[in-house]
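Here the chain labels run A, B, C and D in written order, and each chain numbers its own residues starting at 1.
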Amino acid sequence: MAKGKPPYVAVCGSGEANQQEEAWAQEVGRLIAEAGAVLVCGGLGGVMDAAARGCEAAGGVSIGTLPGEGRDSASPHLTVSIPTGLGEARNALVVRAADAVIAIGGEFGTLSEIALALKLGKPVVGLRTWELAKEGLKVSAIIEATTPEEAVRVALDAIA
Amino acid sequence: MAKGKPPYVAVCGSGEANQQEEAWAQEVGRLIAEAGAVLVCGGLGGVMDAAARGCEAAGGVSIGTLPGEGRDSASPHLTVSIPTGLGEARNALVVRAADAVIAIGGEFGTLSEIALALKLGKPVVGLRTWELAKEGLKVSAIIEATTPEEAVRVALDAIA
Amino acid sequence: MAKGKPPYVAVCGSGEANQQEEAWAQEVGRLIAEAGAVLVCGGLGGVMDAAARGCEAAGGVSIGTLPGEGRDSASPHLTVSIPTGLGEARNALVVRAADAVIAIGGEFGTLSEIALALKLGKPVVGLRTWELAKEGLKVSAIIEATTPEEAVRVALDAIA
Amino acid sequence: MAKGKPPYVAVCGSGEANQQEEAWAQEVGRLIAEAGAVLVCGGLGGVMDAAARGCEAAGGVSIGTLPGEGRDSASPHLTVSIPTGLGEARNALVVRAADAVIAIGGEFGTLSEIALALKLGKPVVGLRTWELAKEGLKVSAIIEATTPEEAVRVALDAIA
């Protein structure tokens, strides 16, 4: 893939993830790297750190867009970290920098990233993440995947 | 209520709302003004414009935090408008400026505001808005109201 | 002046200003209010607080765009305050929300607001503020005023 | 230098630079890469593109923090590009992400980055860039360098 032209895929999830979520995130990070895509994330722990770790192990490039003013809380597995000092407003930057978003589990921060990505018309793939409904009817905006392989394949296909 | 010390309540909803939503928003805006609170919104049409209109009619103060670089798209009923030039990242500012959030209907932008408010630990009251779930189980983070009166009362009580 | 259509004038200066600067800021705030314009500022102490105080005394409307996440540090003289949580990135918002900028004295934060305003093509009037040069030659981008009256008149004329 | 722990150095300058400035920027980019530091810039043309080109040629890592919503205007020499959609507010991010700033020539955007960096207490080194004064007296906040070698050495020494 030509330099400067790879797809960018965001991986979103909780900074305090469970074992299953971290294992998925690491695998997603690895597959993103192997596909020659760039990984974008919020740069902290949990799912973010695991995804960066998987990406690093496969020789990939990852970006962590941090909420704070410094790098102290950054995952050590990131290729580059960007302290924004914007607090939760940085969630919009994670999504803006990505062509597609993969959400793994996640809390309200992840939900905001899912929503911002959908607002911007970017494909969102979920691995056991938030479920959305209105007036009792499911809103099928998040593409559901059941494995890291499926999640990455679907995300990359959606932006091909 | 002492100047500079009023509560700030955000009203979030679609820029292209239906008649029911606009009627609710106008009533919510009126009630916020009558309570001496300041109304915060995204400053555009639909729910935002209707809320500003209701607030204006009751002699209240409203702030519209706009996504674009100019005021062309601002509701004419706002007390003050703030073009941010931040795009959808301004949703974080709407929420940050508010002590509580009332969501009326809404699309993905509204969902992002709900999520950001919950992330920041601010009370969110919903009038026929998004419903959240994980693994098939409802997540009861949004306080459901059925009338504008209830929505405003619950929001103000939550921050009293 | 029709509601929603007034000019917005930013007043920028140090949070720890000297007596002369505060006196000028208060007078500038008063004159902005008397002209029916809306005052925008960074919302903190010093020049910002003095401008808000002058505006308040003349029955005007002022907006304080705060760098932090809360309102604790806000001037009590503001009509509305907006905690952005963006840190110094909020300087871009102060400028973006204004049609013209008046800089009174000031340190590096003020210089950043002057520079951002000039970048955006907005008129900047200075009262004993930064002087700019390149390769020993003065860059006359800031309109120099010697009194608050002149500063406000020139700013309003530039956007009329 | 351990991964994730390198210094980050921002290179700021005009998107439409002259030949001398571009040559300096390319050399600065090369030297940053050779020092094992990460280059941060605004991601567009002129000085930004030249710095990224120099960095790339030396096998270094560069980040371009773009003002727009897409990557169309990004330098093709960047390792990673980040479309922020924040407009000129992204200047605060360029500076925030850097431990030190090197300014080469530059217009008002560069001046805003110099000012924001100084506000944040980060060292700023200038190559024929803005000159600051107050009341006729030079303000020596920018460390003046006369060659790319000196600029990079001084910047790295200041953060060592």
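Note that a residue touches a chain if its C-beta (ideal position, glycine included) is under 8 Å from a C-beta of that chain, and two chains touch if they have at least 3 such contacts.
This structure is a prediction, so every number in the text was calculated from the model and none was measured.
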Cα-superposition angle relating the copies subunit B and subunit A, to nearest 5°: 180
Type of subunit A:subunit D copy interface by residue overlap (half), same or different: same
Approximate Å spacing (C-alpha centroids) for the pair subunit C, subunit D: 28
Rounded Å distance, subunit A centre to subunit C centre (Cα mean): 40
Numbers and ranges of subunit C residues touching at least 2 other chains: 69, 85-89, 92-93, 96
Contact set on subunit A toward subunit C in their complex: 69, 85-89
Sites on subunit D touched by subunit A in the complex: 3-4, 38, 61, 63, 65, 69, 74-86, 92-93, 96-97
Contact set on subunit C toward subunit D in their complex: 86-89, 91-93, 96, 107-109, 111-112, 114-116, 118-120, 128-136, 141
